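Take this structure first; my questions come after.
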Amino acid sequence: MSDGQTKKKFFYLNRKAPYGTIYALESLEVVLIGAAFEQEVSLGFIDDGVFQLMNNQDAAGTGMKGFSKIYRALGDYEVRKLYVEKESLETRGLSVDDLMPITYEDEDEDYAEKPSIVVVDKAEMAKLIADQDVIMSF
Amino acid sequence: MSDGQTKKKFFYLNRKAPYGTIYALESLEVVLIGAAFEQEVSLGFIDDGVFQLMNNQDAAGTGMKGFSKIYRALGDYEVRKLYVEKESLETRGLSVDDLMPITYEDEDEDYAEKPSIVVVDKAEMAKLIADQDVIMSF
Amino acid sequence: MSTLHTVNKSPYERNAMTSCLGHVSAGDLVLLIEDGVLAARKGGSFAQALNAAKGACKIYVLAPDLAARGIGAGDVLEGVETVDYGGFVDLAASATRVCAWL
Amino acid sequence: MSTLHTVNKSPYERNAMTSCLGHVSAGDLVLLIEDGVLAARKGGSFAQALNAAKGACKIYVLAPDLAARGIGAGDVLEGVETVDYGGFVDLAASATRVCAWL
Amino acid sequence: MRFAIQINEGPYTHQASDTAYQFAKAALEKGHEIFRVFFYHDGVNNGTRYTVPPQDDRNLQKLWSELAEAHKLDLVVCIAAAQRRGILDANEAKRQGKDGDNIAPGFRISGLGQLIEAGIQADRLIVFGD
Amino acid sequence: MRFAIQINEGPYTHQASDTAYQFAKAALEKGHEIFRVFFYHDGVNNGTRYTVPPQDDRNLQKLWSELAEAHKLDLVVCIAAAQRRGILDANEAKRQGKDGDNIAPGFRISGLGQLIEAGIQADRLIVFGD
C-alpha cells in the first residue's frame, strides 16, 4: 500500500449492462460515497460492463432515470482510473470512440484535461485484479 | 383446442437450474395449482432446466428446502407430459438415466405405470412451443 | 399462427437469445427488449446469428431500449426493424402466442 | 499473493465462469459455488475449459451445492477438489483477496 | 384484445416492471383490455407502499397504483410469493400475527389460481422477468 | 481473521443469502470475526420482519437475526437501496411520512459508507449476489 497503512486499493468490477438491471447505477453510488474515504480507487469494465460507458445514452423513452452523466463527473471525485477491456469492446463491435469522453483535471500539470478511460487488454486486466486489496463486484 | 372452448394448452417453459434461483420451485407451485383447472398441461425442460429433474438431489447441506419429490408426484395431479430436450442433456453430459424416474398410472391401460418424461430433440421442442395457447416462462 | 418470442437478455451474458433462435418456427417474430437489444448492434459478434435467423423469422428491436443504451438508429443491424411500446403491443396482438426467453 | 475467484453461475447460462477463467493469474484459486458447480460435472461441455485452467490455478467446488443438484462425488471432474463451507472459509483466508464473478 | 401480464421481478433491480408498465400503458392507449396484472416471484415487491425512491426517479409502485385506478386494472400479488418476501395486506398481517402491513393501494393479494385464470381468460399472456 | 460480507440479493429468489449465511456460520465456528454483513441491492429484502416462509422451509431473516444476536454481528441494510425497495425502520418511517416500518430485529439501516469502511477494516470482503 502506497501511502500509509490505512490506504487500500479498491477495485469496482463492472460486468453488467446498464438499465436492464440496477447494478451499474448502484455500483456508481458506492463509488461516489467511497471517494470520500481517500482510498486508491479504480474501476474495471469487462464484458457487458463496457456498455455502461456508451455515449449518447437517453433513457427517457423507457421511463427510467438516465445516469450516464455521473460517469463524466467522476473526475471531480478524484476517481480517475476507468479501465476498459479491449477484448470486451471488440466482441461487441465497439471502440473507445463509442464511449463517453471522460476526463479529469491533472493538478500536477496545470489542470490539463486528461482522459480517465484507459483501454487495457485482458492480460493487463488480470494483472490489475491481482493487484487489489478489495474487489467489489457488480 | 381439443375439448370444448375453455380448454387451453398450457406450457411451462423451464430453462433454469434449481436452487441457485427459486424459479424452478415457484414454477412447480404454479403447475400444482394449475392442475386443478383442467387445462391441457405440459412442461418443457430446456437448457439448465434439465437439471431440475436430476436424480438424487439432496439440498440438506445448503440449508435450503429440497423439492425434487414434487416432480415425482406430478402424475397424481394429471401432469404427465414432461418434455426434456435431448441437446440440452447432451451438452451437459447427461442422459435420461441421470434423471428421476417420473411415472404416471394410465387409467386406460389398467393403471399401468408409464414414464412421464419424454425426450425430444430441439426441432420437436420448437414444434411443441408453436402448438401452445399459453406459455409461462420461468 | 405464429409466435412472438421476446428476449430481454444480452446474448453476451446469457444464452437466452441463442436458445430462442434455436426454437423458432418459420414465420415467427422475435422482439429484442431491455438488455436483449445489445444483440442488434452492428459489428457485434451475434450479428451473424441474427442475420441467419432473418431467413426464418422477422427480428424486431425496442427503440427506447436502444436509445437508453446509446445505440443509435444507424448502428442497428440491417433488416432489424425498430418498434416502440405500441409496436410491441401490435406484435403481441398479431402473433398467436407470446413466448418469453428469460 | 493469490486471488480466490468465486463463480456462482452456470456456465451454460452465463459467461461468468468463462470470463473468470480468462482473468486468473498463475497460482490463483477458483471456487465454483451455487449454480456454478454445474460446470464441474463430468462429460459436460465446459469440462475442457476447466481442465485447461487447472494448469494455472486450482479449481474447487462446493460439495453441498453439488449434492443439492444431484451431482455425485463420482461425477465430478478429476482434479477438481470438493470443499464444504469451512473449506470455503479457509480458501478465502488463505488467498490475498476474493473476487466474485457474479 | 384482452391481455394478461405477469411480472416476475421487483422494481428498480430489473427493468421488467418498467417494461411491463410501458407495455400496459401502450396497450390501454390502443384500446386493448388488460384482464389482470399478476405479480409473481420478486415481482410481489412492486406492491409495497413503503418504497421511497429518489425524488428525481420514477415511483413504480405509484405508477402502477395510478394506472390501476385510472383503468380499473386488477393488480394481483401472489400470496405464496408474497409470504416469502414480506408483502402483507391487513388480512394477512392479522392471520400471520404481524404488527403491520405494507400493501400499496390498488394491489390485492390472492392465489396462483388468479394467474391460471388470467391465462385462460386473456387472449395473450405476456411474461416480464429476469 | 476478520471478514466482511456483502449480500446483493433478497432471500429465497437467489441462493446468495443462503450461501452467505453458511459461510458466516462456518467462519464463526472456525473462530474468525465477521466485521459486518452489508445488505445491498435486493439484499436489503433480507431485513424485513414481514416474511412468512412456508413452515417446513428455513426462515432466512430469523437465521440472520439469531446469528447476529449470538455473535453480536453488525447487520447493515443500505439506506439508499432500502428506500427504493421499501425497507424502513422507525426513524426512516417517521422521516418519510410512512405509517409503519418493517425492519427485522438485529438489522440496522445505514449508509454506503459502512460498506467502504468494512472494505477498509476487514481482511477480506466476500461478495454474494446474482
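A, B, C, D, E and F label the chains in the order they appear, each numbered from 1.
Criterion: a residue touches a chain if its C-beta (ideal position, glycine included) is under 8 Å from a C-beta of that chain, and two chains touch if they have at least 3 such contacts.
Just so you know, these numbers come straight off a predicted model, no measurement behind them.
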| item | value |
| --- | --- |
| Shared interface partners, meaning chains that touch subunit A and subunit E | C, F |
| Same-site or different-site touching of subunit E by its copy subunit F, using the half cut | same |
| Chain at maximum distance from subunit E, centres defined as averaged CA atoms | D |
| Pair sharing more residue contacts (C-beta pairs) when B-D is set against B-E | B-D |
| Farthest chain (mean CA position) relative to subunit B | A |
| C-alpha-based rotation, subunit A on subunit B, 0 to 180 degrees, nearest 5 | 180 |
| Intercentroid distance (Cα basis), subunit D paired with subunit A, Å | 27 |
| Subunit D-subunit F separation of Cα centroids, rounded to whole Å | 26 |
| Per-residue overlap in subunit E, given as positions that touch at least 2 other chains | 8, 12-13, 15, 19, 22, 41, 54, 57, 80, 125, 127, 129-130 |
| Sequence positions of subunit D contacting 2 or more other chains | 8, 12-13, 15, 34-35, 64, 84, 97-98, 100, 102 |
| Shared interface positions of subunit B, touching two or more other chains | 15, 19-22, 47, 62, 64, 134-135, 137-138 |
| Every chain pair meeting the contact rule | A-C, A-D, A-E, A-F, B-C, B-D, B-E, B-F, C-D, C-E, D-F, E-F |
| Subunit A partner contacts - residues on subunit C that touch it in the complex | 8-10, 12-13, 34-35, 38, 41-45, 47, 63-65, 67-72, 84 |
| Contact set on subunit E toward subunit B in their complex | 6, 8, 40-41, 80-81, 111-113, 115-117, 119-120, 125, 127, 129 |
| Contact footprint of subunit A on subunit E as seen in their complex | 12-15, 18-19, 21-22, 54, 56-58, 63, 130 |
| In the complex, subunit C residues that touch subunit B | 1, 3, 15-16, 19, 22-25, 28, 97-102 |
| List of subunit F residues in touch with subunit E within their complex | 10-13, 41-42, 45, 48-54, 61, 83-88, 92-93, 96, 98-102 |
